[in-house]
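You will see chain A twice below: alongside chain B first, and alongside chain C after that.
After this line comes the complex of A and B, so read on.
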């Protein structure tokens, strides 16, 4: 049976280092329905980008997939040869990157780089130029005609990210992986790009996986959230449910450490630092920083369990999570 | 152009100004090639005709560069010789350039066994000094223009391979290459359409100085009697023949020497100017 959309099943990525093997992604399982917008959230090093790169097989060696499958259009992407995965990339699953400064070829004009993704049968030069302009307009570049002959260094960061989007969207991918597409940009530009992304996603009926560490962005942009910690998905829930009542202490901590204009409560950063990725044990990786951890949390692998409809948590005490502080957050959440 | 675009684009003058070196080098080359092409018009002498009544005459109004030991006009022979030396130089670098650039790009991008194969070949050739290897190959194959081309072809490609491999290695892990891969572009397409264009400018700049090396190699081979056969007016050969009479007629050897120098300076200026031009563009 072929499942629609993208299914990531038990994906594991390991990086051999001089200190030992780093398990950057540990058995991540995700399901992205066609046309759905979801987010991967977590702090730096939690494995969100690594997961995306593994899906399209763009890991930088020596990082490699050691277990799991990525099912898409009836095939396991993790097992395809390089020429086969090349045919999936772009049109099947596309990816935009964090840094628009470096994602464009610095020595080619914008027109050439956008025109390159047009189908070969796109007509004569005049017709191709018209299509390039249309693509640039679609992503909100106002003076598109004038930008054609520009080089990437002549554009602002926001404009470059828009150009990247134009290039990626021109191939009409079924799934778009957006790896922190706005972190390198100003806040005002961030909002514009995300709105644009959201509009185009709905318009083109494409599935979106947004990698971010910005919970504000998550709340505005996606329907479902996967929270990652130390290479694992620790909580998976519809956006509203997650913000209303997080069922993992890490998620609760993340929400509480976001500054808010209308919340009077002091910021509550999560104590401690993320664990050493070398030699992670079986128990809950968050336990050393967790306010409600006990001895049993360190005993054995903790599975991802359903705590409500469509709401999954990798916490033994999911029912306890959500004290006063989190409740306060929830009040202004919805 | 509208005002806004005018402000956004870099100043036009700065972008299109031709570097002095490029202009000077090009002018010197055009003069040399023009002189060589128009040699039958510019001088009334025959480069091969001997005149035993006019042996080793010093430079004068009739013979600008003097005459050699057979009474041949040295200026005429230098002009005709330019055609030989420049032809060999340009032909000799075509194969090394093309092959070296492709081999370097493939080695750099694919890595692994492809890289190992190319770079071990490069190591082997690097282990023997350039001149020694060229002389050995020509000595083995026998003198003549074609064999010079073969010898230089075998030896000279390694510099381009190394240069382009370095450029490609540096670029292939840049984010934009990953972005291109994420778009589903094939490896061949990324190398040909994105990495090679970025690696070519430095290779093209080096090409200019490499031509100088080949001109000198060609005349060295001529000087050693391994190159073009007499009585062809090849510069190295002329220096070699004139050497015997260095005390009675220095011009017979010195003038073709100056010609070598002139051509060398022209190409070096050209390469230097080209580098300046590309550096401005690359910013």
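After this line comes the complex of A and C, so read on.
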């Protein structure tokens, strides 16, 4: 029996460097149900982009998958040959990238870059052009005909991101990995692109994995969130539950460090910096920055444990995290 | 785009004028009087003066330049002192030989460099890459005249695979006759082109748009040839232009080694014979050829890179 959707199981990515082996992704386990929208959240270097690249096997050497499996449509993507994974990419799982300027080929026209993903059986040149125009219209590009012969540098950032969406949506992938699709855009354009993404996701019944460090985007866009820190998933929960009561001190810290109109408390940035990715040992990687850490946090591997229905945390003190946050806020108030 | 092209062509005109002045003066600065050189041992003061008057050498220098320019404009390139025939009549045949040689060497360079660069980039830092990079470093240390003589001895004189000199008649015969000279002219460039192309391929392979092309589900071959190769060729276009101008200079040495009746060997013969009319014309031809190649490179470049198409 094959599980529906995408299952990432114990995925580990290592990068050998002159200073030692960097374990960029450490045993990440995720389940993405068909049609579900979930987010991967974390700061730069937490391994979220690397996880996505590993899923579709677009890691740049020397980074490579050293353990774990990616199960999709009854196959382990991590073990497929290059020609086999090529058949999965685009139609099974597609990926869009952060910077739409650098993700489109500067020397090919927009039409060329959209048309090349149409199946060979899509018909003659005229029919193909009609389909390209339809796709560009679908993602909200108004003067689609005029844009056909344009090159990426002639479009705005938002239009380029729309073109990128048109390209991946042409093949109606079952899963779309979106690596910070709005980070490089203006705030107003961000909102438009996210709305577009959500609309198309619902329309096509596609699963969405949204990589972001923007909790506001998470709250508006997805049903479930995986929070990553130092290459691990440290908390996994339904969006509402996560914001209502985070069960990992790192998540609590992230939420407290976002300015909010309705929460009048002062901003509370997380003290310290992320750990050196070389030579991460066992124990909680967040412990050095954690307000409630104790000696036991540094002893041995801490498993991801269920703390409520569908809510998982990699914290030994998950039961007190909510309280710690309240205490922390009170302390700042005094 | 049209404005860019016209502007770029416009820039060439004053430079070309400057070049004619420089070449005109350069010949005047060369020690030795052409009239006495031509008349040789039998020269008398009277006969030298008569010849100088006949050629206008006794007139003020700016007048001489005006005459020179008027002659250029009317296609009168002077008469070879050595052969006593108009330079303009001898030029086309000689030019076509050198043109053939230079284009041939370019084709060979590309044919050698492109496949090797593709393999090296595809197997980056693994043994095929190391072998190709190491072997491509060797030619840079070997001078062309030496490699030319070596090829001549091995392939023409010992193995008798190729003719040792001349140009032959007919296209196929030209290809056979000029193979060794073209190879000699091309090997150093092939190594530069290969290394340059490899590094730009490696750069392009790491770009996000190549990742995205793969994420779209395109086949490896399509990604390589449509997305990677095209973008990686951009720096090579400029490089090819620059090296073509080198090849014109290199033809002087190569044509002499292989006794090919092109512009380069003609130049050497004319310098040795003090045939200053020919030297002057050929220097101008080489200079204008170099300028034309640079102009062509600049005009062609926007066809490869749409970001440069302005106006």
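Convention: the second predicted complex is superposed on the first by the 323 of 334 C-alpha atoms of A that agree within 3 Å, B and C clash if a C-alpha of one lies under 4 Å from a C-alpha of the other, contacts with A are read in each partner's own complex, and residues count from 1 in each chain.
Keep in mind that, in the parts below, a contact is a pair of C-beta atoms (placed from the backbone, for glycine too) under 8 Å apart; a residue touches a chain by one contact, two chains touch by 3 or more.
These numbers were taken from a predicted model, which means no experiment stands behind them.
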| item | value |
| --- | --- |
| Chain C versus chain B on the shared chain A, clash or fit after superposition | clash |
| Chain B versus chain C as contact partner of A:167, first or second or both or neither | both |
| Which of chain B and chain C A:200 touches, first, second, both or neither | neither |
| Partner chain in contact with A:146 - chain B first, chain C second, else both or neither | first |
| Which of chain B and chain C A:91 touches, first, second, both or neither | both |
| Which superposed partner A:228 touches (first chain B, second chain C, both, neither) | neither |
| First, second, both or neither for A:22, with chain B first and chain C second | neither |
| Stretch of chain C, among 24-32, 42-50 or 294-302, that runs into chain B once the two complexes are superposed | 294-302 |
| Set of chain A residues, in rising order, touched by both chain B and chain C | 56, 58, 60, 82-83, 86-91, 94-97, 99, 102-108, 116-117, 153, 164, 167-168, 171 |
| Interfacial residue positions of chain A with respect to chain B in the complex | 56, 58, 60, 82-83, 86-92, 94-97, 99, 102-108, 116-117, 143, 146, 150, 153-154, 164, 167-168, 171 |
| Contact footprint of chain C on chain A as seen in their complex | 53, 56, 58, 60, 82-83, 86-91, 94-99, 102-109, 116-117, 151, 153, 164, 167-168, 171 |
| Touching residues on chain C, where the partner in the complex is chain A | 206-209, 211-220, 222, 226-227, 230-231, 234, 304-307 |
| Residue ranges of chain B touching chain A (in the complex, touch as defined) | 2, 4-5, 8-10, 173-176, 178-187, 193-194, 197-198, 282-283 |
